[in-house]
Every structure is written in C-alpha cells, then in structure tokens.
Amino acid sequence: MLEKLKQTVWKENLRLKELGLVLFTWGNVSAIDRETGLVVIKPSGIPYETMQPEDMVVTDLKGNVVEGTLRPSSDLPTHLALYAADPDIGGIVHTHSPWAVAFAQAGRDLPPLGTTHADYFHGPVPCTRDMAAEEIQSAYERHTGEVIVDTFASRGICMEHTPAVLVKNHGPFTWGKDAVQAVYHAAVLEEAAKMAAITYQLNAKTPPAPEVLLEKHFQRKHGPHAYYGQTAGNPQSAGVSGK
Amino acid sequence: MLEKLKQTVWKENLRLKELGLVLFTWGNVSAIDRETGLVVIKPSGIPYETMQPEDMVVTDLKGNVVEGTLRPSSDLPTHLALYAADPDIGGIVHTHSPWAVAFAQAGRDLPPLGTTHADYFHGPVPCTRDMAAEEIQSAYERHTGEVIVDTFASRGICMEHTPAVLVKNHGPFTWGKDAVQAVYHAAVLEEAAKMAAITYQLNAKTPPAPEVLLEKHFQRKHGPHAYYGQTAGNPQSAGVSGK
Amino acid sequence: MLEKLKQTVWKENLRLKELGLVLFTWGNVSAIDRETGLVVIKPSGIPYETMQPEDMVVTDLKGNVVEGTLRPSSDLPTHLALYAADPDIGGIVHTHSPWAVAFAQAGRDLPPLGTTHADYFHGPVPCTRDMAAEEIQSAYERHTGEVIVDTFASRGICMEHTPAVLVKNHGPFTWGKDAVQAVYHAAVLEEAAKMAAITYQLNAKTPPAPEVLLEKHFQRKHGPHAYYGQTAGNPQSAGVSGK
Amino acid sequence: MLEKLKQTVWKENLRLKELGLVLFTWGNVSAIDRETGLVVIKPSGIPYETMQPEDMVVTDLKGNVVEGTLRPSSDLPTHLALYAADPDIGGIVHTHSPWAVAFAQAGRDLPPLGTTHADYFHGPVPCTRDMAAEEIQSAYERHTGEVIVDTFASRGICMEHTPAVLVKNHGPFTWGKDAVQAVYHAAVLEEAAKMAAITYQLNAKTPPAPEVLLEKHFQRKHGPHAYYGQTAGNPQSAGVSGK
C-alpha cells in the first residue's frame, strides 16, 4: 500500500540527517496521497539507522492507523491539521534544527533580510503565539497545528508562498508540494535563520531587505513569470530551484 | 569480568567522538554494575583511536582498581560520588563540549527555553557554586562530585529528572540509567546549550518557556502517561526517545 | 568546443560544495576564454550530484547561447558585466555562503581586520548600494553587475587587487584570473567574514588592522616583490598562494 | 637527512587539516633536531594534498637551506626566533584558525575562563603589541618572532607553561616539546578560544576562573605532582594528556 510514497518518506527522513538538520530521531517527515486521503509518516522513536521503508505508518486524515505495526510520530496530529487546512500541501517536515529553534525560543519571526530568504519565503516566516494552557494540556499536537493555521490566516500569510513556521518555544515546521520539497524548505529555513542570526550580531537593528528586491527574487522563482531553472513559469520546486 | 559492560563503556567512549562532543581524549564514560557494585571506566589519557575494550578499568565504589593494568580516568572520584548519591544512575559521562562549557564558564544555569530542553531536562540544568580552596586543593575530584550532589539537594532538583549539571568554570557531567543514555544526554545538553546561546544572542533577556509547555513536553516523554516512542509509559530512554 | 574549460567550470562548481560554500544549487561558477570571447557557465537549477561537464552552457559576451541545451544560470548577466568591465578577470563565482551573506544583509563592508584578509584583499571588500526600483524590476542581473562595477569605480577600488564584493541584501561575488582562483577567493572571503563577525562579537568597535601591516601582507603575496610560494614575484594564485 | 623528522613534520602538517585548523595551505609546522641544530619546515605554498615528506625543507638556525629544492615557509624566521629563545621548544605551529584569529584581531589576550584552558596554558595566552612600521617593513617575520619572545619576557610569562601566543591582527603560534605536541596545542588553543568567545557572548564581563582552580588543573597535568595519564609526574604530553 502506497509503497512508493513510503519509500519517499523513508528516504526523506534519512535526508534530514544527511542535511545536518536532526540529532538522533528529532525530526519527522510525512507525505499525503491526495487521491486516497492517506498520510504516510515516520514511526515514533525509531532510530534512523535501523528504520526501513516498511516501518512507515499509514493513517487516514483523522489519525487512524490504516497500515503499519508501529505507532506513528507523536506529532502526527500537527501534520494532519496542516494537510486539512491547505489542499496544496503534499509533504510536511518537523525538525529541531538549532538556528530556527533559536528564533522560535526568542519568540521572533524570521524576517526577510535578504534574497536567500526571499527566494523561498514570501515575507517573514511567522512565529506562533503562546498556546493557552488548555490547548497544551489536551490534544496538544492537534492544537499546535491549529495555532499554525490560525497564525497564517489571522496575519494574512499564504501557506503556499511561505511554506514554513516557527512554533514558539518549540521549533520549525515546513511543508511543500511533496516530501522532497518540504525537506528542501527545512534546510532553507535553517540556513536563512543562521544568516539572520549572524546578521543581527553585526547589527541588531538590521531592517528587512527592500520590498522591491524581495518581490523580485520571489517572483523570479515563482509564479507565471519565473525564469529560474530549466522550465519557464514553473512553481518552486526542490529539484529545479537552483541558480 | 564484566566483559559486556566493558564493551559498552568502550563503545560509548568512542561514540562521544562520533557525536562531536570531545576533542582528543577530553571526555570519559563510566557505567556501574549495581549487583556487584563495580564500576567500569575509561583509562586516563589513552587516545580513542587505539583504546580497546580490555583497556577499560574496573574499580569498586571506593575507587580501588579491581581489574585492569591502566590507571582509571582521573575524574573517577566524581563519578563515584554520583553513583553513591543516586542508586538509579547506571552510567555517567563527562565532556568539555564547547557550548555547555560556555555556560559553565559564564557560571550560568542552562534555562529551559524550549521543548528541546524540556523533552529531557525537568527545569534548568544547574551550574554549581564556586568550590572552596580546600575542596580544590585536596580530593578535588571527589569534592567535585559532592558539590554536584549538594547542588541538586539544596536546590530541590531531582537527579533522575534532570540528568545533567554544569560544573562551574569546568564543564558538563551527564548521567542516565546506563552509559548509552548518559551519552545521549551529553549530546542533548550540548545541543540545548547551543540553542540557548543563539537564542540569547537574539534576545539577551529571553525568559524560560511557559511552565505549562515545559511540563507537557517532559511528561509526554516521562512518567506514567508518556506517549512517546513505541512503548507506552516507559521512562526516558535513548533508544526510544525519538519523535 | 572549449572542452577543457567546460571541464574546469564543472569541477569548480563541484568544489564549491566540497568547500562547504553552497547548499543545494546555490552557487555558480563561470570562466571566460578571452581569445574567443566565449563564456562557460553552470546551467540553471541542475543539482550538483547529476551535473556533467557537457551540461555547461557556452555563451557569447551578450549572453547568447552558443552551445548547450540547458538554460544558463540566471546570474549570467552579472557575470558578463564583470567580464566586460575588467579584461583581467578570467573566472567568476557567486555563492550564498552564510558569513559573507550576513555582512551583505547588514549592508556593511568587510573591513580588513587582519592578515588573513590582507593576504588576498587590498582594503575592505565593499558592500554595494541599494539598487533602485527600476534597476531591480528590469534587467536585474545585468544591473547587479553594473552596480558592482560602479561601486569599485566610484570608490577607487581595484577589481584585481580586491577580487570580491558583497551585493547588498544578497551575497558575495568573487573573481580571479581563472575559475580556480575565483573559487579560492570565495572560500577566503567566507573565512575572513567568519573571523570578522567573531571579532566584532568580542569587540564591536574593532578598528581595521594598521595600514602598514595590511600593506606588508598584501605586497608579500602580490606584485613585483612578492616572496610567497615557490616562484618569486608571481601574482596571487590559488595554486601557490600558501604559507 | 633527518628522514624521520621530515616524516613527522609532513604528517603533522597534514594533521592541521584533519583537525580543521587550516583552510588551503594556511598553516605550517616545523620541528628542530637539537643535536644538529637543524630545522625541518613545510615548504611555502605547496597544497597539502600533493605535499610529500621529501618536500620538507631543512635549514640551519640562521635560515640557510641545508637540504631541499623548495623554498621554506615564509614564516620560517618567526619559527627560528622562537627556537633560539627557548631551548625546550622542539616543534612550532602557525595557523589562521578562526576563533583564535578573532582574539588576535580584537587585540585581546585569551584569558583562562575555565579548566579546559588551564589544563594546557598557565594563565592568559598573551596577545602581542602592535609592531612598529620599521619592524614590519624589513625582516618582518624575524621581528614577529622577536615580538613574541619579548611579550613573554616583559610580561613574565613562561613559554614552556603557556605554549601559545596570539600575534596581533594576525593569528596564533603554538609550540611544544615536539611537532606533535605543538599541533596538539594549536587545536587546544582554537577550542579554548571558541569556548571563550561563546562565554563572552553569554556574559561580556565574565571574569577569569578562580586562581586556585586554574592552578589545580595546571598542576594535575604538569610538574612533579601530575597525576594525569598513565605515567606519574610526566610533563604535559600530547600522547598522554587525556582524561
């Protein structure tokens, strides 16, 4: 069942490690098959070294395990809330990558200080609000997802154009059209966060880059007039988003 | 004698290097066999590259060498003081990992700024007080252990729930139910310290994360209602503490 | 056509990755054959892992593709403007290496704080001015090149002696007598930027190194009285610029 | 001639790279044979990848090449001044390792903030004064050595007990009883500098560690009552200086 997707999700979980984004098992990748509405996610607490494609867990959008003998990642309900909120999301990643976590712990948005950021994120990557005690004490992971969705809605940020969030005092979630792109965005976010932190060290009051520059960079990779990569006008894509 | 434990202690010493936690021979791992009360520890000053399982030194809880031709790590008395203080400790690690050392040199607790910290440590990782001249000049390593134990006792911190300490102007010690878990905590501590230092660079007055969030994360991995990993309600464990 | 140069440009693009200067495909290397006036550049958005020498694109100095089935890097017009401005430039590199990007995002020159800098750059590595909206909205990449050239001209900086620039809110470009040397300078710039950022962390008001020291170091590697490497008086060269 | 020493010097030059202390060819290691008074040093500007033991250059204490077809490192006169000043020095290293360079660029001593430092350096690692224009303009490298020696003499610092210096606006030199130990100290210095920089980021006014603690750590590794490693009372040694 969904063997190819399980293979992809397994491989992308391993890629988190190769990209230096996770220590031990501190990350998870999922993907959704939109035709069947089934989600494939990493099992909880299985070391990357021994994890196999067949260990991936298949669930429905309510979180019921449809296939697999292992328990799914405890962050599954967060993933499900995001899949439910935006039908264009095909893959989701959660990590504790340290530079992104630092912004989350400081409770700060990651602002668009330069073109590296603007090539992938349209405006600041938002940091969520504090969760209420009730939101934390029951259905915590689902509420985390809802707070993310609410953050984008209330601030008028497009989840497709800014495929990343910083969950306050916790860490980043990223997404994309598939698991490959979601992992790509997790790496971009960490690099942009590192660049921003060093920039602030040089000048704590560095303003965002000029709007016209940010817009130019975002548009040359995305939307109808994109001219990056080998196909004109294609949406952002991990495979062909290079320079 | 204790061949399996020597194999483990040897392997975990090497793992300190693989995890990037030690330069040269700047770390040591020990484990205790609670049935016999015997401790297995790394020998002093032997390069990791040539060290073999049979080089591990076996001592009793008073530090008498029971087996082995090499001298034990000079930090042995610190390990022994911790084993004596808490019967649940099965393994201990000392490193000079740089981000944790920086907090120790600054004389600061490592506060719980986010969930990465709270997943493994229940409240701040304490920094010990300055040692008195007499404590330093004789039986220094034993006194170091006693100051650690005293720090937890006087501040009401549970050594099982916060399995790490920063020895002022020196560096971290971590522990766990066995050597594998103690090494795991050494890596967690270093990563949490790195995240905290970067967070403070972004905002030097960042407060700890909300108590309710910290508690949630600690409890979902530990205690009777834990739901992390593949077995419900299991205590924190390096093997299954993932996400 | 230009098979040897394509081989070099391909290899130097890969070397950006080996040197840790690029994430994914975030960099590009080109070289020019001054006899024919033809430029060889990396194609746009092709992953380094699968890229082959025959994928390199050959263009004339106006950007017309002369050979190759793939689209050239979107930064090509920037490269062309630099080749046009200085006939001694034989190779050009663009990266988003994080420490250099931080200076570009902070909008600051990289000042000559020490001999590491002075061994390769004669004075500060300049940061360009903000580009005007018109410059960004059309022919952006060409205008980027023109702003670089204008920065050196208006500030009286010699492009041969200071083979690097920080494009504001974007990132570094470096160059040299060939692609090998341009890549070498990209690595030097990143290391010098890292050193400078840490230096400023220790003392935010650190002045440049004394002029006489900077001049000494630049001259012992460059110009008629150079005594570095194995050949006297040779100009700076990646192959023999060591110590 | 001195084949074994050439082998060692060659190997230790490569080890600078393995330890992450040098980019490209930015470092050099030498050793002296005290019986003959001959010095073996890395040639200038030869890439580490192709450098062979027979490329090492043999000179006398005045810098005359006694054997070898390549030019010696341009820093040779600095090495010679140190060998002349202290007959116990058997090996010398120069690098541009970034954290140590940052202290040199900031013009600051590296203070003893903790035991990692005190295990190898007795008190602060001094930063030299600005060199006079005349000292820079002629016989620069010899004067660099003389300024180092003068720094230790005028400040009453023992070169054997503090085997490292920061040359202002330039970078570190370290030494030891042989080339192996000098390289060891180069790595220790870089790690101690990194720890100190992060410590200052947490608290810019962090005082040195208490004198009694520093003294304890230095003495337990050095001098007649040392109890580190496998041999009692041995002087500090890279081979057995572990924990």
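Chains: A, B, C and D, in written order; residue numbering restarts at 1 for each.
Here is the rule we use: a contact is a pair of C-beta atoms (placed from the backbone, for glycine too) under 8 Å apart; a residue touches a chain by one contact, two chains touch by 3 or more.
For each chain, UniProt lists the protein as follows: A, B, C, D = L-ribulose-5-phosphate 4-epimerase.
Predicted model, so just to flag it, every value in this text is computed and none were measured.
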| item | value |
| --- | --- |
| Reference chain D; chain at largest CA-centroid distance | A |
| Chain A and chain D, separation of their C-alpha mean positions in angstrom | 46 |
| Euclidean distance of C-alpha centroids - chain A vs chain B, Å | 32 |
| Where chain B touches two or more other chains, by residue | 201 |
| Category of the chain touch graph - line, ring, star, complete, other | ring |
| In contact (per the touch rule at the top): chain pairs | A-B, A-C, B-D, C-D |
| Residues of chain B defined as touching chain D within the complex | 23-28, 42-47, 70-71, 73-75, 94, 96, 98-99, 101-108, 130-131, 133, 136-137, 140, 169-171, 197, 200-201 |
| Partner chain B, residues of chain D touching it in the complex | 113-116, 184, 187-188, 191, 194-196, 198-199, 201-203, 206, 209-210, 212-213, 216, 220, 227-230, 238-243 |
